[in-house]
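A, B and C are the chain letters, set down in written order, and residue numbers restart from 1 in every chain.
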Amino acid sequence: MYIILGYFAGFLGIALGFFIHFVILANQSSFGIPFFSPYIPYNTLSDNNNLHMKPVWKREKRSKILNTKKPQIEEHISMKWRKNGKQL
Amino acid sequence: MFIKKIIFILLMILILFSLTGCYNTTGIDRQYFIVSFGIDLIENNLIKLSLQIPSSSSSGAKSSDSAQASSYQLYSVEGETIDECLSILNNYLNKKINLSHCSALILSEEVAKKGIEPYINTLTNNTELRHSCEIIISSSSALEVLEKVSNSGEIFSARLFDYLSSSSQYTGYTIQSSFGDFFQALDNDYYNPSCIYVSVDKDTVQTNGIAIFNKANMIGHIDVSNSISHLIVTNDLDTCTITIDNPFENNEKLDLDVSLYKDTDIKIDIINGSPFISLTIYPEGTIRSSGSIFNYIDTNNIKSVEHATSAYLEKILKDYLYTITKKYNSDIVGFKGIYQSNFLTKEEFDKVHWDEIFQDSYFNINLKTKINSSNLFNKE
Amino acid sequence: MENNYKLGKVEAIAIILIVMINKLILNIPYYIVDLVGSGAIINLLYIGTIDFILLLVIIKLFKNFENSDILDVSEFLGGKILKNLIGFLCIALFFLVAFITLIDFSNVLHTIYFSNFPMVYILFFFILGVLIANIIGIKGISRTICFIVPFAIFSVIITFFTSFENLDIKDITPIIGKSYTNTFITGLSNCFSMYILVIYYFLKPLLKDVTSFKKVSIISFAISFILLMLTIVPMLTLFNTSSNSEPINSLFLLSRQIELGRFLQRIDALFIFLWIFAIFAYLSFIIFMINRIIKKIFPVSNEKMLSYSTCGILFGIALIPVNISHIHFIEDTLYRYLIIGFTFVLGIILLTLANFKKRKLQKNNIS
C-alpha cells in the first residue's frame, strides 16, 4: 500500500498512509488495553511495562492498566538486609 | 456490503489515476548533477555560463590516452541570464541540469565589479542550490579556473574547492565564504559581503586574499597579510604563520605561529563627528624558528619577541583597517552592527548617519601579545 | 465512533502544543519579526505577559461554569440565538484557520518539492487524510497527536541549536527594535501569535478531569511560549530590522542551514515529512472542533456524513484560486485582527457578562 501511495504522491503519499495507519492503530485496543500503551496514553507507564524495566526487587507497584484492588506489591524497601546497619 | 467496498476501492483507484501527476517526474538517470559552475562577462552584456560535470567512466576510457585524463567535462554557453543559459544547456545536453550537489560558484572579477545582485537573487530563489555552496571570485576568467580544477588530477573536484576555503584555517590567507553567508551579508545593511579571491598560476588555482564588496559590487581585494588582519578582527583566526624581524639579530627573521587566546574587544565612540574605534586584540604566539642561537627561557628575550610581534601585527592591522575605511569605504567587519548595540532603538541609531561618517574612522589598537614557548627546544 | 471520549491531561497538552507548532511551521514567526525587527525578544516577552494575564482571566471567568465551553456560556447569556451566532462565528474562524494552514503549506510543498503536481492533488491528499481520521474519531487523533508532538518539538529544538551558533550581538540589537511605539504599541498586534488562547475557550468539556483545566492550560501555555521564543530568536539571524527579503517559509529556510560537517546536510527533507504529519494531525483536530460546534448548534443524526460535508466545504474553499499575495494578505492582516478580536474582545465580554448574570441569579435565589 505504501509503495502505491509513494508512486502516486511521493513522500506526501507515504506520510498520508503512515498517518492513517497510525490513527487506526491508536484507536484500537486489545482486551481493553489501548494498542500503544504504555507510551500513549502516557499514564499507563509504570515499573512493570516499559522498554527498560527495573530489577525485580525494585518493582513495587502493579500496572495501573490492570485496575487492581491492591496496587502496591511490596514495601518501599523490600530488601532490608541491603541497607547496611540501618534499623527499619 | 462487500460489493460496496469493492466499488469504493475501484472508484478510489480510478480517481487517483485521473488525478495523478507523479508519473512524469524526472529520475536521477535523466539529470546531470554539476560540481561547479562559473560565470564570465562577454561583450554585448551577455554572460558565459560554464559548467563542470563529472563524466561517466565509459566515455572517459574512450577519450583518454594519458594517465592524467580529466574525469570532468566542461560545457560553456552564452546567454543573458543564468536560467536562459541553463535551459539552452538542458536542450544541448538532453538531460536536466540539477544544482543540488554544486559545491562552488565561481565568478570572474569583471562580473563581480559590474554587480552580482541579479545572479545571487536568481540562485537564492533556486530550491536546489545548497546554502553551503562556496562562492569564489577569480582574477582571471571562471572558465580558466574550471579548466585548471578539472585537470588538477584531483579525483573529486568538490574537495579541491573545500581545500581552498579550509586553507584559511592554517594559513589565514583567506576566509571561508559560503553562498548562504554571502546572501545574508547582502541582505543586511550592517556589514558588507566578502568572499575568497583566487588567481590562476600556471597549473594551479591559489587563494590570493579576500574580495571586498560594497553591497553587490566588488570594489577591490585585499592581499594575504590584510586577510590575516581581517581574520584577527573578526575572531575567525584559527592559526597562521608570520615572519617578523629578529629583534636580536639584524638581517635575520623569526617565524611564529599566531592564534587568538581571547576574542577581540571592539569599542566604538563618536568623537568630533567621526567614529573612534578601539580594538583590544589578544594574540598568542609560538616560536617556530629563529634561525640562530636563542634562549627561549629568558624572560627578557620573550618580552622582546612580544614587542616585535606586537609591532608587526599593529602595522598590518592598521594597514588593513585604513584600507577598508579610507580606500574602499566598505565595512566588511560589521562595525556598524557593533556600534548599533549601544542604542536601544533603531530610530536613535539612524540619527548618527553611520554610512556617511565611516570613511573618517580612526583606530586605536592595543595588543596584549603572549609568547608561550617554542616547539621542541627551549634553548638553542 | 466514540462521541464521549474525554482527553487526559497529557493528550490535552499535546493538542495545544500541536496547534502552536503548526503556527510555527507556517510563516507566522516571520510576520512577528517583520513587524518589530530586532525588538522581537522584548516584544515577545511583553505580549507573552499580556497573553498570560488573559489566560488567567479566562481560567477565573470559567470557574463558575463547570464543564462548559464558550457556546454553553453564550447560550446561558443570550439563549439559543446568541449561541447560534457565536457558533457560526466560531465555525467561520476555524474554517479560516484550516484554510490558511492548508493553502499555505500546500503552496510551500508545491513550490519546493512538487512543482509538477497540480495543486488540487496536494489539497486532495490532505483532505483525504483528514476525512479518514475524523471518521475514525477523536480517540485515534488525540493519541496520534501525542506521538507526533515530541518529534515536532525535537525539530524546532534542533533548528534552534544549530542556528544559535550563528547568533551575534548585531542580530538582536537594538534591543528595543525600530522604536518604542513600534515595539510596544504597534507590536501589540503580535498577540495573535498565541492562537492557542482560542482553543482554551473550547477545551473544558473535552477534559476527563475538569479540575485539571488550570494545570493543563498553564503548562501548555508555558511550553508553547518557550517554543515560540526558540523559533523567533534564530529568525533574527536571518531577518532582522534591515532585511529586504521575505521567505516563503522561514522555519524551512532556517532548517536548510543545518549541517554537521559532511554527514548531516539538507535535513529539511526529514523535517518536511514531520511537518506534513503535524499538519495532518492539526487539520484533523480543527475539523473535529468544527463538527463538534455544528453538533451543538444543529441536531445531527449521522456524524459520519458531517465529516464528509465539512471536509468537502474545506476542500471547496481551498480551491478558490489564490495567489501568494492573497495568502499574504489573509495571514498578515485578516487572520491577525480576527484572532485578537475573538480572544481579547468577544470571548472576554461574553464571559464577563455571563459571570455578572450568574452572580445576579445567585443573589436573586438567595434573596
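Details
In this section, contacts are C-beta pairs under 8 Å (C-beta built on N, C-alpha and C of every residue); 3 or more make two chains touch, one makes a residue touch a chain.
In this text the structure is predicted, and so the values were computed from the model without any measurement.
Most remote from subunit B, judged by the distance between CA-atom centroids, is A. Closest chain to the protein centre (all Cα atoms averaged), using per-chain Cα means: C. Taking the mean of the C-alpha atoms as each chain's centre, subunit A and subunit C sit 30 Å apart.
Centre-to-centre spacing of subunit A and subunit B amounts to 52 Å, using the average Cα coordinate of each chain.
Inter-chain spacing, taken between the CA centroids of subunit B and subunit C, is 41 Å. Of all residues in subunit C, those touching 2 or more other chains are 114, 117, 121, listed in ascending order. Under the contact definition stated at the top, the residues of subunit B that touch 2 or more other chains are 20, 22, 25. The multi-chain contact residues of subunit A, meaning those touching 2 or more other chains, are 9-10.
Listing the residues of subunit C that touch subunit A in their complex gives 8-11, 109, 113-114, 117, 121-122, 125, 128-129, 132-133, 136-137, 139-141, 143-144, 146-147, 272-273, 276-277, 280-281, 284.
Residue ranges of subunit C in contact with subunit B, taken from their complex: 37-39, 111-112, 114, 116-118, 120-121, 124, 168-171, 173-180, 183, 237-238, 240-245, 256-257, 259, 265-266.
Across the complex, subunit B meets subunit C through its residues 19-22, 24-25, 124, 127, 130-132, 180, 184, 187-191, 334, 337-338, 340-341, 343-349.
Of all the residues in subunit A, the ones that touch subunit C in their complex are 9-13, 15-16, 18-20, 22-27, 34, 36, 40-43.
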